[in-house]
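Take a look at the structure below.
A, B, C and D are the chain letters, set down in written order, and residue numbers restart from 1 in every chain.
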């Protein structure tokens, strides 16, 4: 779960990392009030959960409260990568002397947290990493021991941080480690961490991602989730423990297991079709879950056929079959459905579905071919079931919305 | 012969009284696996599955009483790390964690601790192990695979079943199938299993099933090129998946642009591995 | 540093360990007020930093506020093992069903924290340990991993705690671990942890000892030190970084290093004398420290001679010599002083002392013999220098006060 | 021959710019020890002791530049654990920690971590090591000891000097003197050093100096009885000390009534060790 910049920085401040004075605003008037309180120049920063805000014009400097209001109005009317801006952060402008990149994240290859820093901080850091990797320093942290002070010092020395700042950098590093560890973050990033003209360290921007699997122990963080920032069908999917990502094709896929779901998509494509989504119903899917999954797939108006591929293991095919029947009973889809059930209780599942009007398949390739063929044949428009009840007014058009999401 | 599990494997089920634990314990027993005991704290002294399997309050007690040598974990995600620590401290040499959704920082601690203690972990978020005709430890449906000379190793769950099923339909069998799980931090990896298969006399050919994300397949490719004499066929899922979610700048720095299916396929091909376009093509490439 | 029961229990409560309702009182009237607030029966418990309070009559049950006042008056007039009672804890009386012993401490042989529990809790626990050690369960904790939940469960199972209490016991165990770890305790003990008639777990008594070496990171705990509970000369000694323990003999000893200090005492005894104290001036003793040490030794009216044995390593003999001269200048002791200096800068030290009227010695045995002989000769009474300024009015007689202290 | 340190020992001083670090670095150099570098974070690039010894910001940098093989730590107690972790992670095989007052929970973490990494620690709160005529690593005054065939191991600080001095006055010399320190949790213990002396050809006889508290001397006695062929003379300090502070009931449970000088002397005597009544008696018992 991604946190907004302003949420991340509030957490930073709680752990003692210095951040600029500032507050979040939902309206231009609020932004003006904050600018008045702060006095002097302020930065107006769009709060959206995508990168590249600056390049898109979502970050502006205002010389006075009037200009702050003006710019906030502009920014609050923007869409950045299809995401409408709903909030701006109004921060005191800092006098920057130099910019440092600093983060802690997981290194899956080394099975350890890694602390990353560079003297070449700022928005071009990825280019720095690609062009001059020697400017990026990585220090791994023993997960049982935690960050040692000497490691923070080594990092400071390695990025040639002036010695006057070592102690403060050490405190910030320990705070960032505590944040990373105590919030179950998979990323805690400060970019840039600036040295100001007043020779202070200041976290100008912050980004945090929390491990979804660990949210059960962080109810306070779970509440920070910004539902405005994700597609409504993804919200519904999460509620039911499903994993759903919308794509641009017309064959809806419902599969158990991420690997098999991806494989099903791959085969649809291999035989000339286009998958409309990734949808993993997970292990041990109950029939409520299956029904929810079907409603989500059908909420996409592009879908012309559904491919159901269930290989029973933890998931029992009879339970899935019951879910399919319940969902069909409720939503009465008018498009072709290709079903393939194999594995645990497959026989019982197939029996349950015997009377429903469905296309059955034996192998995965066979199922994909039949789904592709079905789309070719069907020309009937169908009622976009559930869509009205799922998509709130003012939500972004679903189509391009989550293009850069992935299955992992 | 086979690897990791065989007819002498004596299994302890951690979380045996839960829905999944109970269902799959029964499936394992039906398959012929020696399920010797279960653990559910607070339910020690009970007997489950028709009074055949004793339940203990702790792994230590279960081990003392029944001499198990493998543990399979079905406890909920929030208790999974503790279950792995418990099994490790009790001296279980092989732990198979089926549970999905274990927090990644828990897994980093577990993995680093287990490495110290030289304990082998398979998983988490994995379907477990199957040596057809001998023993099944986990949730792989037993009826879809027959015994043979193909070693199967996979990061995936149900996709693994798909492959076993395709092999069986083609009249081929598996020596052992190892589902290593797809979590970012897990125990046994591709290389560990490839090494075991290379030294297993029963295994003649190997199937490797990978996914997008991470660099495990790339490192497996290097290992295959340098160490393996047995032929390998691979399938990589996720060729049509959109590019991965980036973990901020840090993800880009740590993993670079690696992790796409195309990259992995390229790496494996240069290691001499044949790549299947879809799972049902695997038996053809094995011939 | 030992904490009082009431201090320990306040820490317990902060970490979520259930304790009886109650408060500490310094007067009988306060005790009455607290008893009135609590209603029902209360327990009046003397707060002194020694064991065996119960057997000494320092813990009493009161049926009503009047009786609470009466008993508090009695207890506040008591001395327990020479320590006057200055405070009482007034706790709601619990209906006890059974008593558990539970603690976490350091196991120096195993280099790990150890969690200890027994179903036979209460004041006889040491006897239980001696007579029926199988009733005492020990589980070691990995200091890098911390207490695992399964270990708390194993402990609960091993002491045959009824299963209904396992979850609560697990929470208490994790809390006690956090307390032990976060306060740098060397002991965190609940004895007894009771199961009440209402089937709740309740920490009826608590004891904590904090690692003195770690107090630098716990300023809040350091403030909890009860100076009333230690000999004033020990307070002074600590202030100067000295380690001092009063004994019953008449030869004052001032030595650098605990092992050598004990050895010096042993040799004094071997040659027929009686050491008046243990005093380790530590490594790198400055002359201020040495002067303070001498004033502390001379504050004991029994002292008839002083043995100074300094073997220079980190400590430099010339610096010690300067300290001796400064102290002599100030306190002008009238008793014989036997001095032995060896090691780092010994030559310079001896030169500095050449003009002072002192008995010098070459070997340790020689020094001890001379000190014993000097006591035999001296009959002069001496002015008890510093004593008035160091010992506050109302302090306990120093003599028997700290009999059961030791050098480690 | 000798144990642990000799003329090839190249020493790094952690905390070299502090008072104690600087003073004792000079003493070590004067003794002939190869002091190759120092570390004080934030002072890298400086030179100390007449411009002869370079100071680095970290142990890693110092090691890369100077190839030291032993580190001696003089940093304040609150930074000592970090210094030991740093030296360990940098790959220093022998760490000698002079610092006293290190919190005991810090030491439990350090000790458990170092054991994983197979690093040898001497101390903390110890006087260090001396191989007379070759190398001194720590604060033992060099001029009081001469080279010889007596191995000395001690939990004490200045008492150790007393013993070395008594040996020298009696015309005896030490192979190596090891001050293991008297803290409740430390690195190298009596048994480790006894084993090294047993296998050191130069060492013919051994002196063991113990104290009240703990059970290290008792375990050393068992080890001596079972494994040692060389004669051992011991002195135990604290015969007149009052009984130890008890760590509540827990202390009594963990350590029982053990730890008195009388107990330790009894244990050592039954292992065939001669007990000196005072340090100056040791040379007589060695004859």
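To be clear about the criterion, a contact is a pair of C-beta atoms (placed from the backbone, for glycine too) under 8 Å apart; a residue touches a chain by one contact, two chains touch by 3 or more.
For clarity, every value in this text was computed on a predicted model and none was experimentally measured.
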Query raised in the report: When you check each chain against chain B and chain D, which touch both of them?
Result: A, C
**Report entry** chain B and chain C: spacing of chain centres that average the CA atoms, whole Å
**Finding:** 55
Query - Chain centre separation (chain C, chain D; CA means) in Å - result: 28
Query - Residues of chain A engaged with two or more neighbouring chains - result: 142, 144-145
Query raised in the report: So which bits of chain D are touching at least two other chains?
Result: 109, 113
Query raised in the report: So that we know how the chains sit together, what is the shape of their touch graph: line, ring, star, complete or other?
Result: other
Query raised in the report: Quick one: which chain pairs are touching?
Result: A-B, A-C, A-D, B-C, C-D
**Report entry** Parts of chain A lying in touch with chain C, wherever the complex brings them together
**Finding:** 144-145
Report task. Report the residues of chain D in contact with chain C in the complex, numbered from low to high. Result -> 19-20, 24, 27, 77-78, 98, 100-106, 108-109, 111-113, 127, 139-141, 144, 154-162, 165-166, 169, 182, 184-185, 209, 211-215, 219, 235, 237-256, 277-280
Query - Residues of chain D touching chain A in the complex - result: 41-42, 44, 57-61, 79, 82-83, 85-86, 89, 109, 113
Report task. Would you tell me which residues of chain A are touching chain D in their complex? Result -> 142, 145, 148-150, 153-154, 157, 163, 166
Query - For the chain C and chain D complex, residues of the former touching the latter - result: 51, 101, 103-109, 111-114, 116, 125-126, 129-130, 136, 138, 142-144, 181, 184, 186-187, 189, 191, 207, 209, 211, 213-214, 216-217, 245, 247, 255-260, 262-263, 265-270, 275, 278, 282-284, 311-315, 342-344, 363-365, 403-408
